[in-house]
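Just below sit the structures, each encoded as structure tokens.
Both of the next two complexes hold subunit A, though its partner changes from subunit B to subunit C.
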Partner chain A sequence: MTAIGFAWRSLVRQPARAALGILGVAAVGALLFDMLLLSRGLIVSMQDLLDRGGWDVRVSAGELPSSGLRIPNAIDTADAISRLPSVQAALVVRTASVQIDRASGQPIRASFQGVATRSTDPAGSRLRAPWTILRGRDAEGPNEVVIDEKLASESRLEPGGTITMRASCVADLEALPAIRLTVVGVAEFPFQSTNESTTGGTFDALQAACGGNVGSEADLMLVTSKGDADGTAAAIRALRPEIRAATNTEVVGRLQQTGFTYFRQISSVLTTVTVSFAVLLITVLLTVSVNQRLGEIAALRALGFSRMRVVKDVLSESALIVGIGGLLSLPLGLLLASGLDRILKGMPGIPVALHFFVFERQTLAVHVALLVATAIIAALYPMRIVSTLPIAATLRDEVIG
Partner chain B sequence: MTSVPSSRSSVSGPQSPVSAGPTTGRLIVDARNVSRVFAMPAGPVTAVRDVTLQVNNGDHIAVRGPSGCGKSTLLHMLGCVEPQTSGTLLFDGQDISRLSDARRSLLRLTQIGFVFQRFFLLPMLTALENVELPMSEAGVAKQARRTRAIELLEYVGLAPRADHRPSQLSGGEMQRVAIARALANGPRLLLADEPTGELDEATGAQIAALLDRVNRAGTALVIVTHDPALADRAGRVLMMRDGQIESQRVR
Partner chain C sequence: MPALVSAQDTNPPDVLVSRQLAESEGLTVGSVVRLSTDAAGTHAREFRIAGIYEPTPDPSRLGQVPRSVRLHLPDLLEMTRPVDVPAGAEYVSSVNVALVDPKDADQFAGDVNARLPGVLALPSGQAAGSAGPFRVLERFHLAIAVVTIIAATVFLLALTIMLVDERRETVGVLRLIGLPVRRILAQILLEGLLVAGVGAVFGLILAVLSEQLINHFFQWRYDTALVFVRITKDVALTCVSIAVPLGASATVVASWALLRRGGLRLARR
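And now, the complex of A and B:
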């Protein structure tokens, strides 16, 4: 009988204890799996979000695109950038707060993203705005707008309808006249959070809504390179040293050093705690199991079982508990991650398309490696008990006992 | 006389370096002035003192004496599970104290059988699997060990109960399975520590008869017992007191 077969029989011998150990490992393993998904989830998800739409360089006035500072002379700057040899297109993005009137009830607060594309490359003009059209078409004229699904649902609006919008572009106390825009499409805005509404249109539409007060300032500029994002970012920095240009990877790197670092730290601490808990749980279970069977183990040693063999039996038992529990931890962890993701995405300002828990093969490999290490470390103490077991003294004690 | 099923044809495990010695010789164990001293908090306790004993092929030896006189310790020393503090113990001419733990394990696996007072059958295995276990450890092929385990269970009269777990067997039946297990790899020496200690008189007599049969088939037998009836069946009875052999009676 192999060590694994023997360990299996030992586990089945006390099904309640085995089930307790396996379920404990499954629960702890699920938490461990989630912490590993969380440790890189935001980074992977943010990178994916930034890469959507094909814009690979982001230009802003501050260190991060969300710094609140605005790029002056944005249209002229976009023109200059679009003429760089490595650039395919540049997109100016300016956001304003708007109120959308409703026939009945309170007006809806939303944001309006006005965009303008600059390109000297024919392929660049085909690039999409930073949203995805779900129904209808994209806004092209100064009187056209696309709205998000939430707004469409709340206002019962579909392509072909009209909205009345009051913009607040420079200060909240502005009293700008309302303008009427035609809804030409329903779109998904990747950086929109669950509790806000967003509309989008051309830069000219935004200027009209803002009564011409926007000037040429932009919150952000998105640039598509012809393949060399790093070189393009460097060229933009050389062209306009006063503004910040960063590739998507660099933006994610900066986020990692700032806001995301909390999640990584929390994840690291909880990973350590869960692994320690799993080690303690299995060590206790195996130690109790071994201590209950000391007489049998001493008898097996007397019958000629080698020290290595009884050590292997204990290690195999640990491997079985962790292996079965670890397998169960995967679906349990994914289920838990889905629930936690929903809760965390409910926080204000979190983009709908951003995920805190993202599955990667690498995460699974780390999870398996940690579980293997757990099985080995947890078995060390009980393995030491059986390997140093004094055979004769144990047999004597069993008889006296 | 029914012979013990031979393990020669079925045991094909790794050859023991220690069993490569003079296995055909008469002398199995040669203990010369062996002592065992335990270090206790209150001071050293001598469990076995200067015992000299030879066990030959086919010997039937009973060791008697009051509780704590060192009978079990001597048995454990003969079985290579208790190292001597002083003296020399040779098994098949080889000094046990010079063997590594792995070699001593292999020696026990292939040359020595143990029968315990408390049986120590594994409760999660059937009787058949319990008997197969030492052969499995010795590397015997599955079919060969299954065949031999069935033969051994037939030999001890328990073939119909091969698929029963220890919890489904009586004390006497468990001890018979334990004897079959001890014989699995065809040992030259069978050591039994109070083999009838947990059994009633009638069942104890059955076990004693079975051990006699094993001995008559050629396996040397050393039994530690308080039971005078069991001891009286032996060819040599050693009386121990205070760790020493006080007297020896040869039948």
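And now, the complex of A and C:
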């Protein structure tokens, strides 16, 4: 009988303790798996979010696009950028806070993204705003707007309807006259957070909503290169040294050093604690189990089982407990991850499409590697016990005891 | 972030500089610096560093080194006012008001909102929007704690089943000499309580020791005075009130299956 077969029979002989050991590994393994998903989840998800829409360079006035600083002379700058040989198109984005009146009840607070495309390339001029139309069509005129699904359901609005909005364009608490806009489409905004509503339209529509009080500043500029994002970002920095241009990868890198660091740290701490916890408990389980079977192991040695063979039996038992528990930990971990993701997405300002726990093949590989290491390390001490077991003395003690 | 250039002048206005900025730029109290609203340093003004301050820890800005300067408001407005805006007509983002009686906050906010259209007044309790993320993190940590407790309980049950099984002969003998099941169970419960109590105290000592370690690590990592882990009396009591009954219950549950068997069966070799 092979070592694995022998270890299997040892486990089956004590089903309750084996089942509890496996369940314990499954629970700890699920937590470990989730912490590994969390360690890179935000980065992978943010990279995916930034890459959607095809805009590969982001231009802003501050270190990060969300710094709150505005790019001066944005339209002229976008024109200059669009004339760079490596640029396909540049999109100016200016955001204003708006209140949308309702027939009954409190007005809805939302943001209004006004966009303008600049391109000298025929392919670039076809690039659209950074939102995806779900129903209807994109806003094109100065009195047209697209709204998000949340706003559509809250206001019971569909393409063809009209909204009355009051914008605050320079300061948050401005009170500008109301303007009526036609809803031409319902769109999905990639960076929209769970607790906010968003509308979008042309830069001209934003100008109209703001009573012309927008000036030439923009919050952000999105640029599509002709393939060389790094070179394009460098060319923009050379063209306008006072503004910041970064590729999507560079933006994620900056976020990694600031906003995402807490989750990476907490995931590292919890991964270490979880693995240590698993090693400790499996070691104790195996050690107690081996200690209870010392007589049996000594008898097997006396019957001709080699030292290596009994060591292999213990290692196989550890591998079976950790292996079966580890397999169970995967679906359990994914289930737990979806629950934890829902909890964390309750944070204000987190985009709906952003996920804290993201599955990657390399995460699974690290998970498996950690479990294999756990199985081996946890079996070291009990393996030492069985390998140094004095056969005659143990058998004599068993008989006398 | 205004540009910063060392300079010399006679009597410039005072500013305060954050510790982190002072350390990174080698600034000291009494130094004269030039501040500008743009990176090119246009219209730079000179200021004297009157002090270096430790910024109030802000959990929502974790990971961002607070390289900041505090100016008197008139000095800041003077620097940031657009050329076409007359003095006194600038925007400020917020005004903090200290009331004689803080209980009047709701009434005061209501009065301001009624009398000054275009201005939004909020009691500070409602204005503290940054509390949101921490309530979410609290729920997240609670969920992690629940999973950890479940995993620990399962392991504990497995261990106690093995330990109880190890003592089956002793229990069998006790049964054979006439001790009733209830008496043995009470003894096991007491043992369980004792072991769980000692375990909980050991766990608390470990937590207090790791509290310092974790805080020192994260405070060094993020260059902040924020406290990340705090073992309060409530936290300690909650841990003990979960760990001790859980440990004792696991012992009793694991023993119960054994005690249902007859004394002879337990004592036989």
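The working rule: the second predicted complex is superposed on the first by the 400 of 401 C-alpha atoms of A that agree within 3 Å, B and C clash if a C-alpha of one lies under 4 Å from a C-alpha of the other, contacts with A are read in each partner's own complex, and residues count from 1 in each chain.
One rule holds in what follows: contacts are C-beta pairs under 8 Å (C-beta built on N, C-alpha and C of every residue); 3 or more make two chains touch, one makes a residue touch a chain.
Small disclaimer: the values here were computed from a predicted structure and weren't measured.
**Q** Is the arrangement of subunit B and subunit C around the shared subunit A a clash or a fit after superposition?
**A** fit
**Q** Quick one: classify A:G54 as touching subunit B (first), subunit C (second), both or neither.
**A** neither
**Q** A:G346 in the overlay: touching subunit B, subunit C, both, or neither? Say first, second, both or neither.
**A** A:G346 sits against subunit C, while subunit B stays out of touch.
**Q** Between subunit C and subunit B, which one touches more residues of subunit A when both complexes sit on the common chain A?
**A** C
**Q** Looking at the overlay, what does A:G141 touch: subunit B (first), subunit C (second), both, or neither?
**A** It touches nothing on subunit B or subunit C.
**Q** In the overlay, answer first, second, both or neither for which of subunit B and subunit C A:A302 touches.
**A** A:A302: touches subunit B, not subunit C.
**Q** Could you tell me if A:G227 is touching subunit B, subunit C, both of them or neither one (first, second, both, neither)?
**A** The answer is neither, since A:G227 touches no partner chain.
**Q** Quick one: classify A:L336 as touching subunit B (first), subunit C (second), both or neither.
**A** The answer is second: A:L336 touches subunit C but not subunit B.
**Q** Just how close are subunit B and subunit C at their nearest CA atoms in the overlay, in Å?
**A** Shortest inter-chain C-alpha distance (subunit B to subunit C): 9 Å.
**Q** Of all the subunit A residues, which ones make contact with subunit B and with subunit C?
**A** In subunit A, no position sits in both the subunit B and subunit C interfaces.
**Q** State the interface residues of subunit A toward subunit B in the complex, per the touch definition above.
**A** 1, 9-10, 12-13, 295-296, 298-309, 391-392, 395-396, 398-399
**Q** Show which residues of subunit B lie in contact with subunit A when the two form their complex.
**A** Checking each residue of subunit B against subunit A gives 72-73, 76, 79, 81-82, 101-102, 105-110, 112-114, 116-118, 120, 122-125, 129, 132-134, 136-138, 181-182, 185, 193-194.
**Q** Given the complex with subunit C, which residues does subunit A contribute to the contact?
**A** 16-17, 20-21, 23-24, 27-28, 30-31, 170-175, 241-242, 257-259, 261-262, 265, 269-270, 277, 281, 284-285, 288-289, 292, 336, 339-340, 343-344, 346-348
**Q** For the complex, which residues does subunit C have touching subunit A?
**A** Residues of subunit C touching subunit A: 38-40, 62-64, 91, 93, 117-120, 129, 132-133, 136-137, 139-140, 143-144, 147-148, 150-152, 154-155, 157-159, 161-163, 165-166, 214, 218, 221-222, 257.
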